[in-house]
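Same chain, two partners: chain A is paired with chain B first, then with chain C.
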Partner chain A sequence: MDPLVTTQFLNIAFGIATLAVLALGLAIVFGLLGVLNIAHGELVMAGAYAAWIVQSAGLPYALAVPLAMLACGLLGWLIEAGLIRPLYARPFDTLLATWGLSLLLRKTAEAIWGLGYKSVALPLPGTVDVLGAAYPRYRLMLIVLCLAGVAALAAWFAKSGAGTRIKAMVANPDLAQAVGIRTGRLARNAFVAGCALAGLGGVMVAPLTPVHPFMGIDYILESFFVLVVGGLGSVAGLVAGAGIIGGLGSLVSAVADRTAGYTAVLVIAILFLWLRPRGLLARA
Partner chain B sequence: MQKRSVTRRGFVAGGAAILAAPVVLRHARAADPFKIGLFYAASGPAALFGPTQKASAELAVEQINKNGGILGRQVQLLLADAGGPPAESTKTAVRLMVQEKCDLFVGSHDSATREALVGTIKARVPYIYTPIYEGGECAPNTYVLADTPEQQVRPSIDLLTKEKKVKNVYLIGNDYVWPRKTNDRVKQYLTAGGGKVIGEEYVPLGAPNKFEEAVTRIKGAKPDAVVITLVGADNVNFNRTFAGFGLDKEMLRASMLLEENTLLGIGAENSKQLYNCMSYFSSVPGAAHDAFKAAYKAKFGEKAPQLSIIGVDCFAGVYCAKALVEKAKGTKAADLMAASEGLTFSTATGPVTMKNRHPDKPMYLAECEGTNFKIIKTFDNVGSGEACKQA
Partner chain C sequence: MSARFEFRGLVAGYGGTTILRGIAGAVAAGEVLFVLGRNGVGKSTLMKALMGFLPCREGAVRLDGREIGGLAPPERRRAGITYCPQERAVFDELSVADNLFLTAPPGAAARLAPLAERFPILARRREQRAGTLSGGEKKILSFVRGAIEDHSLVLLDEPTEGVQAENIERMEAVVREQCAAGTAFVVVEQNLAMAERLADRWLVLDKGQVVAEGSGRPERAAIIAHIQV
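And now, the complex of A and B:
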């Protein structure tokens, strides 16, 4: 195959894999708890700043992963206790509350680090030969890790006791509570996990883009489209959504240009909201 | 006799007082501040530049006031946010003109806002536009200090075609008026220099853009150089992706708006073979610039906002206001426009002279060295290429 075509296929894989992980936290929180966390992008931003702090301190980049997940998890714990828990059954109110939170987080980052772009150096520079195409090492590593991570999560969700309890809680919270599942704690853990995953996403994208207080806005919209197309509450839906949104965006951008790619994503998202509002693979 | 004389003296004094009344009134007005409305990016996508714009204007105002102000009036800066949609800026302009009786506007913002402001101000108040733009602004009582395509593009393209022997060029930019008009000029000079454009693409402004696909396309097209008219975060993103794919070692890059903040975002490891031509870099040599930088640091301290072309332009804007109004001895549009021809005023890097309401200025061609701009060539008194007629 022409090395350029190979590269564009890898670009598509990269678009899908990274988008799946970026949308994962949002999918967990929205799909399982019915909370649309508008501040998801700002947690990605917080994770990216954590990566920058780790690198500026001269520490190994891998250390940013636990640190960002811990920091964002802690933030998530505070948000859940202070903001989300009183609003669980009020989806529109959580939307407004998390929107306010996103403004607060952005302005806080601006107050601490300023509006300037921070540069995070690639932890894995250089390119590697894939079927004759020189592809950036770090992007290749992300494709592999993201796909492996999502597959592992799917297996865990399907097989583990915790996965079953989550499904029980989502299907019928009252009954789940009646059979002894501590739904309050389970919901909190799911929210914290969603936030920690946003932080992981931030560490992932930090070396690729400029790190600045407003970067989160770039991620929330596409992540939301993934959920619109894929549907809520299943890993398969997430993968399908990321595949369609990320894949279509990258494919059209590769064949035509970025404007066409962006238009295609918007058209698909609108068509889904109109004709299939529950998405491709919504939970029954 | 004594008495009569006193009376006569009193009469003379009274008459003198009446005759002098306009002078006295004028003196009363002289005590009023000279109000300059500064349109800058307090919010929005360009807010990164806001602190430098404000600080640079404040420094100029402070210096001018220490030296007697403008026509003896102390200068007062009225801050106006131009970071929102143009319609918001025009509302602010009306308020500043009607309520505040603003004497003059200085603006550092995008072209959409400039066009809206020109349409609202309607030459009633002089308006000085300062950053970088696509050329063609000849509205009456409007004075443009911004770098024009003629000033930026010719030195960049000459470097590529003459010194670097570049033949094939790929163009990438954001999809709005400045990149497209600048690229028209790029094509013109490239053809004249024996080169050609082998690819051209634009990405939406303000969308969450990724550049893997475009970089792969560029890799396939194999140009000798890429001319970049992307701005802000897109410029950072593109250059990081470009270097990530290893193309930084294979071809040259010339950016048309690459200032200190953007280069910090691009990062030292991604800026190999990256060139840029503008009228300001914080590394420009010279006594005038050293004095400016010392005064800037003395006023704002170690944590002063990053010096960059978008920001420092406001310093020149305020000094241009002083020179223009003092030469015209007032703010009458016809006088100002006549005074602008051949007007010399200070900028952060030294004096420049205005022709056709655009200054000729020194331009600096820089090569990126890590996150610094190394000036490799200086072009003195580069004309704007704009031919605004005198009114």
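And now, the complex of A and C:
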């Protein structure tokens, strides 16, 4: 195969794989729990800053993963207790409150670190030869880790007791309580996990993108598009949505330019909202 | 009677409306209490209040002498109450097996074996999604899920809705066996014939109040006088 074609294929795979992980947290929080957390993108931003802090301190990059997940998990816990639970079953109020929170988080980041772009160096520099194409080592590693991570989570969700209890809670919350599931606690834990995954996403993308207080907006928009196209509540939907949004975005960007890529994503998302509002593979 | 389960002076409702206006009842270990009445008199609301889905503004609920009126549903389940609701009685998206064993206590698989012989549909459909079952089959699944929880009190809300006659007989046999083992039941039922065969105690609700009650098998004429307008 032409090395250029191989590189484009790998870029598309990279777009899909990282988008799947970035959208994963939102798929849990919004897709399963039905919580509209507009500040979800700011958690990705917080994760990216965690990566920058770890690297600036001269610590091993891998340390950023637990740090970001802990920090975003803790933030998630506070958000759940302070905003989400008191506004339970009031979606519009939740949207407003978390939108306010997203402003607060952006301005807080701006106050601490300023508006300027921070750049995070690649923790894994160099390239690997893939079928004649020299492909960046870090990107290749992310493709593999993201796919393995999503597959592991899908298997856990399908097979584990906790995954089944989450499905039960989502499908029929009253019956879940009647059979002894403490749904409040389970929903809180799932929310915290979704926030921690946003932090992980931030660590992943930090070396590939400028880190700045407003970076969260792009990620939350793309993640919402993934859920719109793929449908809520199933891992297959998440992967399909990431495949279409991430694949289309990367493909059109490669053939034309970034702007055309964004436009194509926006058009397909609008078409889906219009013609198939439940997405490709919505939960039954 | 030393009551296994009793409730007194229950007042509860949704938002500003009061549906239960001071309801009392009791059932001893090994007994079946039937709650009868027309549609919309508060029978299902009473069951929801007993399970903790509806906070009671007044009244007391006791299980084996322990006041449980302040407990949330998952904690009442842990205290020993099984609840089989009238509507949305199973998890449609989970398999039949997951419905049975999702939160089943130890020993549930052994307790299922004799029940699975009585209700072979459960074994045949074990790996299928419960949503593919008919209404009556879902009721059977819900009933059996409750039966293998092996609790001291079982609340059944319209357990026979849509269930075929021979399966109703099998359900009644299971209730009798579990009563013999000391379980208490509170049953809401439209099917008076079932009450005539199983009831140790009964009460009739109207407009959120108990308008008649008694022990032993209820007499149809007495009940019908209260149930018909």
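Here is the rule we use: the second predicted complex is superposed on the first by the 284 of 284 C-alpha atoms of A that agree within 3 Å, B and C clash if a C-alpha of one lies under 4 Å from a C-alpha of the other, contacts with A are read in each partner's own complex, and residues count from 1 in each chain.
Here is the rule we use: contacts are C-beta pairs under 8 Å (C-beta built on N, C-alpha and C of every residue); 3 or more make two chains touch, one makes a residue touch a chain.
For clarity, every value in this text was computed on a predicted model and none was experimentally measured.
*Asks:* Just chain B (first), just chain C (second), both, or neither: which does A:I268 touch?
*Replies:* Neither chain B nor chain C is touched by A:I268.
*Asks:* Contacts for A:S250 in the overlay, against chain B (first) and chain C (second): which applies, first, second, both or neither?
*Replies:* A:S250 sits against chain B, while chain C stays out of touch.
*Asks:* Based on the superposed arrangement, let me know which partner A:Q177 touches: chain B (first), chain C (second), both, or neither?
*Replies:* second
*Asks:* One more residue to check, A:S119. First (chain B), second (chain C), both or neither?
*Replies:* A:S119 sits against chain B, while chain C stays out of touch.
*Asks:* Let me test your reading of the model: by the given contact rule, A:T127 touches which partner, first (chain B), second (chain C), both or neither?
*Replies:* A:T127: touches chain B, not chain C.
*Asks:* For A:L147, select first, second, both or neither according to whether it touches chain B, chain C, the two together, or no partner.
*Replies:* neither
*Asks:* Looking at chain A, does chain C or chain B touch more of its residues?
*Replies:* Larger number of chain A residues touched: B.
*Asks:* Between chain B (first) and chain C (second), which, if any, makes contact with A:T164: first, second, both or neither?
*Replies:* second
*Asks:* Which of the residues in chain A come into contact with chain B in the complex?
*Replies:* Within the complex, chain A contacts chain B at residues 4, 7-8, 11, 14-15, 115-122, 125-127, 134-136, 138-139, 208-210, 212, 214-215, 217-219, 221-222, 249-250, 253-254, 257-259, 261-262.
*Asks:* Mind pulling up the chain B residues that touch chain A in the complex?
*Replies:* By the definition above, chain B touches chain A via 45, 47-48, 50-51, 175, 201-204, 207-210, 212-214, 216-217, 219-220, 233, 236-237, 240-241, 244-246, 261-262, 264-270, 306, 371.
*Asks:* Inside the complex, what are the residues of chain C that reach chain A?
*Replies:* 51, 53, 72-74, 77-78, 83, 85, 88-94, 98, 102-103, 131, 145
*Asks:* Within their complex, state which residues of chain A touch chain C.
*Replies:* That would be residues 161, 164-165, 167-168, 171-172, 174-183, 283-284 of chain A.
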